[in-house]
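Below is one structure, written out as structure tokens; comments come after it.
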Amino acid sequence: MISFDHKVKVYYRDIDQMGIVYHSRYLEYFEESRTELLKSIGISVTKIEKAGIMLPVISSHCEYFKGACFEQELKVTSAISILPKAKLDIDYSIFCAKSSILYVKGYTTHAFVNKYNKPVRVPKMIIDLLDKEGLM
Amino acid sequence: MISFDHKVKVYYRDIDQMGIVYHSRYLEYFEESRTELLKSIGISVTKIEKAGIMLPVISSHCEYFKGACFEQELKVTSAISILPKAKLDIDYSIFCAKSSILYVKGYTTHAFVNKYNKPVRVPKMIIDLLDKEGLM
Amino acid sequence: MISFDHKVKVYYRDIDQMGIVYHSRYLEYFEESRTELLKSIGISVTKIEKAGIMLPVISSHCEYFKGACFEQELKVTSAISILPKAKLDIDYSIFCAKSSILYVKGYTTHAFVNKYNKPVRVPKMIIDLLDKEGLM
Amino acid sequence: MISFDHKVKVYYRDIDQMGIVYHSRYLEYFEESRTELLKSIGISVTKIEKAGIMLPVISSHCEYFKGACFEQELKVTSAISILPKAKLDIDYSIFCAKSSILYVKGYTTHAFVNKYNKPVRVPKMIIDLLDKEGLM
């Protein structure tokens, strides 16, 4: 399993009138963490896109246990457990950075498509980098 | 089953550099449709909140089949099928308004909590209104 | 002067913990209204972009007089007063749809650029359509 | 003058179909930087709000010189130059973190209001902290 811990801080723009992070914002925190996870093993989303491959989200799931508050610091852990065949699965857990209490968990699934939105094979470069990290 | 069709239009702010709606935005379209569904049967989220009850999202799920584009018109159908015991389940389907092709489907689950974030019974007024619509 | 009235409704995603619309969201309401204003006189932003011309915002200004609330309906009036030479100026006023009280006013200025982000002349088609509406 | 440099990184959620940050997002970057500026001199927005004082934005202005891209790192400098009488003025400049090229500049003005949205005096604690930093 490859995993990465990414810190985010909650700002006013994220908070709704219940005084907690609006639920869809956690998907944005997932994206931040995923981008940094891939970068940490040498995969730049910018470079993949320049090579004509995109990774659209094809499913997302979130369980919200506790609502994070303004100025709270969160740890967003993302993890890849399986070498992708056609699709890439990424799991996320969001914790209060201070108390380590779990606030949110979820996953996203990504396809690999070309510029014409046609599914393509997982690029060999990505497989090689994930393989090097011990994924099977 | 109670259902409601809500129209949304995609604007520039919703579109990412793949030229399609950024995935978390569909959860916002779900929210619009859900608010209008509840309003259509006499349930105002504003009034519920003024009575001290909130309906935070406790889980969300989305399947993305096709990406909507700038200036596209979408129909966001939301539906309640079961009289809530402790939690309220709402299902969504998003279609191209013109072609009726399915773009996204998903669901959200909501708790009923008081100001101190403690779970409370589903307010009788809500049960009555849903019951009147034939839900069981 | 060309002007257009566009209705928007405030949803939960727009509201911050002061219980009012988060200030940057009004710029998104401006964008909705601007898109519809242009469309009303035959200018489709999608078509302009397909022709290789983009209209990035180069300045924006907002005065916030009153904060709009959840489920409130707003009227977003946008207006063009001067035939653009190199830049397009658009003015906005946001009113409570019910009371007509002014909540926000502001403006945006737009450049005309090509795919390489180089300034270009205002497309003749746009000048002609604005001219037809009586702008000078 | 009191100033603070805050780093932000651009993610996919921020980027529009021109491949640059959607213009209203810079106001969110301003907010991040402002929150950290105030925190750096001992002013917690959370604590001010708990004391019943809010600082709504009453005007905002932005000049956009260059569009930031996905995965770009930005430095958002915020500065307070004048001891607030009734209103707090904050200036911002956003630079490419690498090249120090200026991308965006702007300002926000904030009122001080109580829970009933009535203007109040600038809290003495804030005046004292700004005064200690040498503001006049």
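As written, the chain order gives the labels A, B, C and D, with residue 1 at the start of each chain.
Keep in mind that, in the parts below, contacts are C-beta pairs under 8 Å (C-beta built on N, C-alpha and C of every residue); 3 or more make two chains touch, one makes a residue touch a chain.
Note that the structure is a prediction, hence the values are computed from the model and not measured.
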Study note, to complete from the structure: Of all chains, the one whose CA centroid lies most distant from that of chain D is B
Practice item. Check A-C against A-D and say which one is joined by more contacting C-beta pairs. Key: A-D
Revision key, fill the gap. Chain-centre distance (mean CA atoms) for chain A and chain D, in whole Å, is 28
Point to revise | Geometric centre distance via CA averages, chain D-chain C, whole Å | key: 24
Check your understanding: At what distance in angstrom does the C-alpha mean of chain C lie from that of chain A?
Key -> 33
Point to revise | Shared-contact residues (touching 2 or more other chains) in chain C | key: 12-13, 17, 24, 28, 70
Review point. Hey, which residues of chain A end up touching chain B in the complex?
Key: 17-18, 20, 23-25, 27-28, 49, 54, 56-65, 67, 117
**Study point:** Residues of chain C touching chain A in the complex
**Key:** 12-13, 15-17, 19, 22, 24, 70
Study note, to complete from the structure: The answer for chain D against chain A in the complex is residues 9, 11-13, 28, 31-32, 35, 44-46, 69-71
